[in-house]
Amino acid sequence: MIRFNCDYNEGAHPRILERLVETNFEQTAGYGDDPHCDRARDLIRAACSTPDADVYLLVGGTQTNLTVISAALRPHQGALSAVSGHINVHESGAVEATGHKVLALPSDNGKITAQQVEDAWRAHFEDETQIHMVQPKLVYISHPTEVGTLYTKTELEAIYKVCKERDLYLFIDGARMGYGLTAPGTDLTLKDIAHLCDVFYIGGTKVGALFGEALVILNDELKKDFPYFVKQKGGLLAKGRLLGIQFETLFEDGLYYELGRHANKAAAIIREACEKKGLSFLCPSPTNQQFPILPNEMVEAFRDKYAFADMGKVDEHHRAVRFCTSWCTKLEDAQTLADDILNF
Amino acid sequence: MIRFNCDYNEGAHPRILERLVETNFEQTAGYGDDPHCDRARDLIRAACSTPDADVYLLVGGTQTNLTVISAALRPHQGALSAVSGHINVHESGAVEATGHKVLALPSDNGKITAQQVEDAWRAHFEDETQIHMVQPKLVYISHPTEVGTLYTKTELEAIYKVCKERDLYLFIDGARMGYGLTAPGTDLTLKDIAHLCDVFYIGGTKVGALFGEALVILNDELKKDFPYFVKQKGGLLAKGRLLGIQFETLFEDGLYYELGRHANKAAAIIREACEKKGLSFLCPSPTNQQFPILPNEMVEAFRDKYAFADMGKVDEHHRAVRFCTSWCTKLEDAQTLADDILNF
Amino acid sequence: MIRFNCDYNEGAHPRILERLVETNFEQTAGYGDDPHCDRARDLIRAACSTPDADVYLLVGGTQTNLTVISAALRPHQGALSAVSGHINVHESGAVEATGHKVLALPSDNGKITAQQVEDAWRAHFEDETQIHMVQPKLVYISHPTEVGTLYTKTELEAIYKVCKERDLYLFIDGARMGYGLTAPGTDLTLKDIAHLCDVFYIGGTKVGALFGEALVILNDELKKDFPYFVKQKGGLLAKGRLLGIQFETLFEDGLYYELGRHANKAAAIIREACEKKGLSFLCPSPTNQQFPILPNEMVEAFRDKYAFADMGKVDEHHRAVRFCTSWCTKLEDAQTLADDILNF
Amino acid sequence: MIRFNCDYNEGAHPRILERLVETNFEQTAGYGDDPHCDRARDLIRAACSTPDADVYLLVGGTQTNLTVISAALRPHQGALSAVSGHINVHESGAVEATGHKVLALPSDNGKITAQQVEDAWRAHFEDETQIHMVQPKLVYISHPTEVGTLYTKTELEAIYKVCKERDLYLFIDGARMGYGLTAPGTDLTLKDIAHLCDVFYIGGTKVGALFGEALVILNDELKKDFPYFVKQKGGLLAKGRLLGIQFETLFEDGLYYELGRHANKAAAIIREACEKKGLSFLCPSPTNQQFPILPNEMVEAFRDKYAFADMGKVDEHHRAVRFCTSWCTKLEDAQTLADDILNF
């Protein structure tokens, strides 16, 4: 069985494990107050060109999302999100459990537009019964999105502009950031992103770490007392240095980007085979997740040899699937799948 | 600087790291649905003699506490806890953030009694204005407690008996369980504990793991839908096997107990020096945390050489401190401190 | 200015005020433990033919909705509702503030179908990643709906059947119940409703009371400890008898139905004029709210003489509006509006 | 049976009912946007000499407490309160249900001191592990307290000074404010109070209204978006004018003070009899609640003739009780009780 079912099937890049072994008997303070976390935070601030950013290293994505959103909002406020946004679909109501409504906006490619944000703002603030409705205050987007798509620089600038004008926070979920930053054709760098939002994170869990998300807080309003929230929501790792060591390794010499590029390369092999075969896609994705629409027979034939996600029926004769590559996917495995697609 | 400030200064026992390295490129399903987690759960069920228990492997203690308590209680119910209980003092209001009051009971040794639980129950249910007050429904105790003390089997039986009679859940926070199970003089085994409560956990973070707490749910009422809560509260580790591998290693051949005994041995060296020196203690502790009351001069003199926690002023001339050993403390370091105490 | 803007423009039916005056100096226990509340509860149980129902008298609708839903659900569960449902749109996130997601179902007439409920259940429970999503557990419907429409007996039976099969609670918001029960053509009686759901309420605020909603809990699972929730959510009126006296008056001799019929009669005068004029409607409504689509000129012309709600632009030349009658609307005022429509 | 069990046994002062009857058929906008609410707010601002205050008219005390506290605090913050404070004891965990810990301070007379507030602030902010603990941000006091005692002007000034210095909000629960303002010997006027806190309320429910609390927000930080909170927590009365009419009546010509004085006069009759009889008190109270300590025989003898609250056993031979008078207590009833005490 060759696994294309997700991007967290294996452990971590070997250099991360080496570093954990090397540093194992160092004695350091807990909770992230250690030299490894300090260095990781510095490396990330440097990579972002945001010397004043507050950086927190957290264990996982849902935890990061719920911590940021509950820290940012007052009780009557909600988060605008694409209907397909992770917080709206796949976090078991984590945001609502902290008391906030996710205000879903329609989307057929995982993205939302500046215009949608502006319209949602107007729909609320121009309604005289506004106090009977949840006030939009934060815009949540994913980059890459849950369906592998990417914002362009122009799109992100437009969204951030509306957010600034309308006093909304812009929060970018970067669980798969590494795959987005290194996608062919993207014009958004890490520096761009860090200057076009209020808070975002750089995902480690899905890009070569054992676990970990590096949260970068840019807006001063969101910085105050943030450590309390991390602790209260159960996200303060006692041996915080484990996160520091991982992000040091990922960011000291470009490993993070290298891993991203690798996964995209593997994905491209699969995408190109699909294209050559004349298959269409749910969404055009330049990143590590590919969502081709396959004839039912192909889906059935592939089930024994490959692990992949079934995205559901498209029509009587076709289903959409997700092939997901990662930092750890072997290119020959991608090629095997590509060949099987072409030769089907 | 020799560190006695906490029990999570270092990484993990080397065998755990070895195992992580060995298994790194295995491909497994995420979220704990993998053979390592399965085996860890089986080992823990076997160690507890509770074949029907549900076992969950979670990352940290605060997360575990808030997940269990919010899953167990309805909105009008609260958790009885010693005033010194971790959930009442040191979790930034994590339990309250899920909507529940911690009902604090007085305690001067970190423990509560069956009688206190019974009295709290009566005070609520025999009051005709009960619906104006938070209903006690869960009893939270720590074993060892936050001040290193241990329940006896008789005490725990009495508490559990009241809980059963009064339809209260008994939840044991075992963040330092390994040090409790192997303390000299304790009559409570892991099997005993697993049969004298509704839910408890076996702490890994403070006893040799990189991180991790093994939650054991015994009462069927608490089992239903528990995985949703783990996800919702941000505690579902994508690469769940990292937890499985660690608990496999700790429980396959007694390593967990070995680590516990080691820390207690180091603590005994320090305790005995204090006793020989005629010092008194905040609480008598047979476990890895020692709380002697030192002359101010000794406290000052030790500050440069040792890291330890200051527990505050006891009288004009004395302060209480905490010396904390761990699975990783060198016995010679404990001896050095013991000598310094004796020779002061 | 003649007001058709809502159904709570005036105080209460005079008989209610008389009763409040008569009973003013009676001394009774607080919090609903008084003979007036007892009698009101008995009258309601009798009207529903549900001798075992628990009846609570609460002050308002949002309060009732949030109290019921938060009492009924565990933290990982959500409430299915039409996208237009009051809890989804007009309660400022009250349900989310108690930690629960409102799971919105599409609807163009304010109603949802049994099939939608069944599909939502399947979409959740047949998905292997279900624990990553909010579990549907309660179905919220309004009768009449927010747009004046009514369920038929067949429709309600079908929904309740799915709820029973799928272990979902069915909760009916009856803020305007009086107008629904007395609408021409409806085949749903109060008794029917009380036997086709788990919990519902009979609105007083909009049907002749100063304030008040009579909540009827039928399912034993929802009865336990309910008074705690009323208190905790701030809904326990100290002088509870004020609610008892109002519902006694409404239910002792059919006043509630009389008031409902009156409003519907006034609404029919307006509806028939619109129909005669050839106007269409957002939804066909047999109850006290009418949503005709008017030419822009008519809307403008009416603004000075009538108060009504603007429901928004339908096309370049038309807007939808809401004319709302009540227990207190004068039939001659309705006729004046009808004449103005016909003569425009 | 003569009732001294609480101060909400009857309806409302007759003038309030008259006004409700007179205005019953006025048509007004809902939700407090009506001339009666406007006038009530103006009267209250004038009575407080706080022209810039925001005034909200809410239905009940628990609702007001939970709405204010949840609006004022961020998720990691808590409310300091006397251990006997209403929010800590008798609101079924309403504050915790909004996510916030009540940080209880010891008190044996219902009051807390400026020093306690300062100490609590220091205990938190001078602890280096502060982020592991709930941050105090709001101070909740009651005036009169739950045991009838009153703050002096000097005491309140000192508390408010600490609050200002330490950036804490001061919130005064004035559920029985009318009885405090008119107590013999008090040096705190309504104007004083309105200038010595950030937010407070003037209780109507217990002082002659059918229901209602007038919340006065003085600190601009607390004003923003407050109406959303009122709606979200279920406290927005549809026919808001019912509250306006009541507070107009209470504040247009001093009725509120008249009712307060009356109750205190009745209470003084009882208090003086107890003193003359040589009985001691739980707390010395100049307001409408008296807490004498009675011989068990007296308690038993009075049970058939009077309704009063039993505050529990004081020693083998005595119990404390509460006799509560109100705006509606007949002076001759108070005298009857006084005589029975004296003649026992």
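A, B, C and D label the chains in the order they appear, each numbered from 1.
Keep in mind that, in the parts below, a residue touches a chain if its C-beta (ideal position, glycine included) is under 8 Å from a C-beta of that chain, and two chains touch if they have at least 3 such contacts.
Computed from a prediction, not measured in an experiment: that's the story for all the values here.
*Asks:* Could you compare the number of C-beta pairs in contact for C-D with that for A-C and name the larger?
*Replies:* Result: the pair with more contacts is C-D.
*Asks:* Could you work out which chain's C-alpha centre is the most distant one from the centre of chain B?
*Replies:* Centre of mass proxy via C-alpha means gives C as farthest from chain B.
*Asks:* What whole-Å value do you get for the distance between chain B and chain C if each is reduced to the mean of its CA atoms?
*Replies:* 50
*Asks:* Rounded to a whole Å, what is the gap between the Cα centroids of chain C and chain D?
*Replies:* 34
*Asks:* Taking each chain's centre as the mean position of its Cα atoms, how many Å separate chain A from chain C?
*Replies:* 42
*Asks:* For chain D, write out the residues touching at least two other chains, lowest number first.
*Replies:* Counting only residues that touch two or more other chains, chain D contributes 75-76, 91-93, 97-99, 131-132, 228, 231-232.
*Asks:* If you look only at chain B, which of its residues touch chain D in the complex?
*Replies:* Interface residues on chain B, with respect to chain D: 75-76, 78, 89-93, 96-102, 104, 129, 131-134.
*Asks:* Of all residues in chain B, which touch chain A in the complex?
*Replies:* Where chain B meets chain A, its residues are 3, 5-6, 8-12, 14, 17, 20-21, 23-30, 59-64, 66-67, 91-94, 97-98, 205-206, 210-211, 228, 231-239, 242, 328.
*Asks:* Within their complex, state which residues of chain B touch chain C.
*Replies:* It is residues 70-71, 74-76, 98-99, 131-132, 135, 225, 227-232 of chain B that touch chain C.
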